[in-house]
Amino acid sequence: MKVSVLYFASLREQLGNAGEELDLPQTITTITALKAHLRERGGAYETAFAEKALVRAAVNQEMVKADAAFKAGDELAFFPPVTGG
Amino acid sequence: MKVSVLYFASLREQLGNAGEELDLPQTITTITALKAHLRERGGAYETAFAEKALVRAAVNQEMVKADAAFKAGDELAFFPPVTGG
Amino acid sequence: MKVSVQREDFDLGAEVKAISGDTSTGAVASFVGIVRDVVMTLEHYPGMTDKALHKIVEEAGSRWKVKDCTVIHRYGELQPGAQIVMVAVASAHRGDAFAACEFIMDYLKTQAPFWKKEHRPEGANWVEARASDDQAAERWKEPGK
Amino acid sequence: MKVSVQREDFDLGAEVKAISGDTSTGAVASFVGIVRDVVMTLEHYPGMTDKALHKIVEEAGSRWKVKDCTVIHRYGELQPGAQIVMVAVASAHRGDAFAACEFIMDYLKTQAPFWKKEHRPEGANWVEARASDDQAAERWKEPGK
């Protein structure tokens, strides 16, 4: 399943990656599963997506909870808690 | 005891009086007593200062409760509940 | 702190800028009251209005962390759409700014000696005080507010 | 209703005027957030910010009687004293205007995808989210609010 993933702010800097196109295994259909998948890359990804890390997620530009599902073609995003305003 | 008394807004119109200098009997030293004194004039004063009338008072430009006292030379004021803002 | 009772109109943007200069100010909450669909005359008690507004502003400053504050209230004849009153409060954080601004408006509504007379086609009449304004002022007396 | 995410500065006075025209509008509550004593860069998620702000504004409109509303949030590099964000809400009465304005700010703080990076002499660092902002947003979930 193909999705695009974006990274913002401190997370983007930590990973040295602003975004990427991913072709995921069929089993990975929720934010929680995707985070575990990215964690397996090790290095900065392992730290950034650690269980305890405060990472927020959006699916198609709407903030979602960790157990939210996504489908092929979706735009996913990970970022730290927001600090605007 | 000499005091000046001012009337504002609907009360001023009702009495046809914006203010006056009064020389009061020694016994009249509180707002409640002064209202009773003015009521005795009858006519518009009797209506305006009726027990049930919503009349606010100020002594030297500070809003006070009905039992507040005043002294010679004070500036007293009577007016309806305020409606600014 | 600036308090002004005036006939002239005011410029909200300029007034907010004027109290935003301190580098520790991060938030300015403000309010503008506007004449709705009827011409009105605002009467006030000249000697007392300034005093009453200062007292309200000081009370707000004792309850919340206020960096600066401006209150302007107009009097005289005002057309529909005209600005009547403005309150702006500058603080380090928005919670203080919002609370102090709303407090000042609520107290002004029940404590500052202004009276509105509306001029309608069928005649002029004095606006009656609203119980909801007394309630709005009362709620600041609850503990913890 | 106007929502704008932009690099350019804004004019609070003009924005408030722009939403005050309706003759049934009697109250405009507004808020401006200002950069305190440090240069900062505001990053955002372009595709999402507009959506998130519209959603917050709609939620406010469903809870309070809102006549009109403007939200502007800047991004890019901002100097100390610069305006970051403004919210203005026009209503018939001040209670609705104040509540909706504060609600929008509280939700924006926790729901809109903006991130601040501060540039201090000792280096740049991302601002951490504050627990007090989560609490401020949470309190609108209490019944009766």
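Think of it as A, B, C and D in the order they're written, each chain with its own count starting at 1.
Just so we're on the same page, a residue touches a chain if its C-beta (ideal position, glycine included) is under 8 Å from a C-beta of that chain, and two chains touch if they have at least 3 such contacts.
Just so it is clear, the model here is predicted, and its values are computed rather than measured.
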Chain centre separation (subunit A, subunit D; CA means) in Å: 26
Chain centre separation (subunit B, subunit D; CA means) in Å: 48
Chain centre separation in whole Å, for subunit B relative to subunit A (CA means): 72
Residues of subunit A touching at least two other chains: 85
In subunit D, residues with contacts to at least two other chains: 33, 94, 105
Contact graph of the chains (line, ring, star, complete, other): line
Touching pairs among all chains present in the structure: A-D, B-C, C-D
Contact set on subunit D toward subunit A in their complex: 33, 42-45, 47-48, 51-52, 55, 73, 84-85, 105, 108-117, 126-130, 133
Contact footprint of subunit D on subunit A as seen in their complex: 6, 8-10, 13, 54, 58, 61-63, 75, 77, 79-85
Complex contacts: residues of subunit C adjacent to subunit D: 11-14, 16, 20-21, 23-37, 80-81, 92, 94-95, 97-98, 101-102, 105, 132, 136
